[in-house]
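Each remark here refers to the structure printed beneath this line.
To keep things simple, chains are lettered A, B, C and D as they appear, and every chain counts its residues starting from 1.
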Amino acid sequence: MNKGRLEAFSDGVFAIIITIMVLELKIPAGNSLKSLEPLLPVSFSYAISFIFVGIYWNNHHHTMQAVKTVNGGILWANMHLLFWLSLIPFATAWMGENHFSQFPVTLYGILLIMNAVAYTILIVQLIKHHGKESVLAKAIGDDRKGKLSILIYTTAIAASWINTNISIGLFILVACIWFIPDKRIEKQILK
Amino acid sequence: MNKGRLEAFSDGVFAIIITIMVLELKIPAGNSLKSLEPLLPVSFSYAISFIFVGIYWNNHHHTMQAVKTVNGGILWANMHLLFWLSLIPFATAWMGENHFSQFPVTLYGILLIMNAVAYTILIVQLIKHHGKESVLAKAIGDDRKGKLSILIYTTAIAASWINTNISIGLFILVACIWFIPDKRIEKQILK
Amino acid sequence: MNKGRLEAFSDGVFAIIITIMVLELKIPAGNSLKSLEPLLPVSFSYAISFIFVGIYWNNHHHTMQAVKTVNGGILWANMHLLFWLSLIPFATAWMGENHFSQFPVTLYGILLIMNAVAYTILIVQLIKHHGKESVLAKAIGDDRKGKLSILIYTTAIAASWINTNISIGLFILVACIWFIPDKRIEKQILK
Amino acid sequence: MNKGRLEAFSDGVFAIIITIMVLELKIPAGNSLKSLEPLLPVSFSYAISFIFVGIYWNNHHHTMQAVKTVNGGILWANMHLLFWLSLIPFATAWMGENHFSQFPVTLYGILLIMNAVAYTILIVQLIKHHGKESVLAKAIGDDRKGKLSILIYTTAIAASWINTNISIGLFILVACIWFIPDKRIEKQILK
């Protein structure tokens, strides 16, 4: 089966998720510079999630470039990833509106883990379908970046019981690791 | 006429329907784990509908793969399906916020039937356009899965007068039946 | 210039417009059948607008099939049409929530005229670009359906001062006229 | 890497941004013509932003036509542009609801500058990837229109401390300058 519509549908869901988060930036009552102040934590939360959804889209884009066809299992693995991504706007708003207090940060971390797991499942399904000699399989290898991310997320969740600033710092660390789209795939395609 | 834009437009509507449902997960007032508790039924309702819309997208995707061209009748049959799908976020939220009480569950069941009927009409239009010897016609056959689903939905609606848990169980049963995208089409395409 | 992205962007806007209207179906407070009653006018209003946006999408789809390339003027004529279409959810909700009272129905009629005018401008731009001997020019001819629609809309607006039921009836009449996608284009393409 | 999905994803985000702004047109309580009056500033604000987002889409469309492939840097430069664009609905609503008072207009101006800067970064990334002899590089040249826009925006922000009507006038002036999609690219492609 052709991968075209899976990409188009996913692009639509990605585009909506990344954009509806901004609806949580509620218009302030006043018209002074000061009236924007309470929006700062929500804006910061929005910016972090924008980058995370952006990273997922970038990686999805890179991964699907290395893919030729899809099957039923891949469609559902993709749908499963979109489900967890669709919860990010909720967790983002809860975290921002509660000024990065403990439970919301914990939930955010758990959600990031669920997304990482869902992405791994998608990759596994794709490699199963394309074979161990495929471009994708070689590019992913033993997926050290994926495993490292889940380790850092877990640390961040634990750290949220001590100081949520550490957790946020660790989330940003993962974002930095993934900021550069998967060069591994670009390299393998060029070979 | 080319099927490309019908797919693109439908993908857009599917993507929005599946994503705006999450807006019903209202940000809780507190920041404790306990403050998430009232969201449980709405989240469960969201998960069920996510799967149902996912199933419709998967089947739509599979069906359109077997389709070559479209006509005016097919465009409207598709629009009709999208209309009933667009009401799912409303029914989902009503059902979740009322903790799966009787009338909301009944309405949800009726909506699932309307969607199943609309999908059948789309299939009928497609087969009329492509002929009885087409891949699609052979793949669908006498559409036993479709008929069985409507039967289970009807039972679920009746059961909602006794115990809505039975209804929810039956909805999930239908989801399981359809979880695997229409293998019938994959088989026929490969022939 | 290629028409691909104009279609993709328009499909996105159409899909969002047709879907966000459903957000006006506010979840009722109660869980009885009776609590759905106040939603009836809004639902009816939604159904009418769904059909109108559906008609515009169908015609846009048919028109663009007959089009080969686009230019700057066409991009803006299309954007202008999308602007008026984007106001339909607002007018739909206002009309539904006020039980089809006079001013909201008048506004709805004016909006339908603005859309019809914007569509005509798009067609004129397209024909100017493709020439009088083009498939599109022949298919549209002297655009009797377009002119008739504007006439009926005007009558509906005038009638809203007497009885808005007449106006709604006239809106539905226009919908019936356009329900069948532009056969004129299908015929010309087949020639 | 192929540019197809970057275009599709961007089209999705553009379509959502331009459409969700209309959700700020809150349904008025009354049903008289007078009850629409308070919506006038918000509607005017909406119209201005619709044109600005429309201009960005048009230019994005023209620019990507001259582009053959993309790389990781371009994906992020594009994401960065979409981030600033996604804040336009917020600034639009704040400006409209506060009747174009000073701070909201200042913020709107700052946002327009951020968008202009983000667009310039995207162009720079694209030219770096395609070379100085590329169609795009020749079409953009020394980017006088871009520099002039930022100059006018800065003037508009300064003017907002004196009279915001001047600022709005200057915003509209920039819109007029960009109204015609980048003829420079059309010319270079035809060569």
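By our rule, a residue touches a chain if its C-beta (ideal position, glycine included) is under 8 Å from a C-beta of that chain, and two chains touch if they have at least 3 such contacts.
Here the structure is a predicted model, which means the values were calculated and not measured.
Q: With chain centres set to the mean of the C-alpha atoms, which chain is at the far end from subunit A?
A: The most remote chain is C.
Q: Give a one-word verdict, same or different, on whether subunit A and subunit D use largely identical residue numbers at their interface, taking over half shared as same.
A: Comparing the two copies, subunit A and subunit D contact each other through largely different residue numbers, since under half are shared.
Q: Rounded to the nearest 5 degrees, what angle rotates subunit A onto subunit B on CA?
A: Resulting rotation angle: about 90 degrees.
Q: Could you put a whole-Å number on the gap between the CA centroids of subunit C and subunit D?
A: The computed centroid separation for subunit C versus subunit D comes out at 26 Å.
Q: Express in whole angstrom the distance between the two chain centres, defined as the mean CA positions of subunit B and subunit D.
A: 37
Q: Two-or-more-chain contact residues of subunit D, please, as numbers and ranges.
A: Residues 8, 12, 15-16, 20, 23 of subunit D each touch two or more of the other chains.
Q: Give the list of subunit B residues in touch with subunit A in this complex.
A: 7-8, 11-12, 14-16, 18-20, 22-23, 25, 27-28, 31-33, 36, 47, 50, 54, 57-58, 61-62, 64-65, 179-181, 183, 186, 189
Q: Can you list the residues on subunit C that touch subunit D in the complex?
A: 1-2, 5-6, 8-9, 12-13, 15-17, 20, 23-24, 71-72, 75-76, 79, 82-83, 86-87, 89-90, 93-94, 97-98, 101-104, 107
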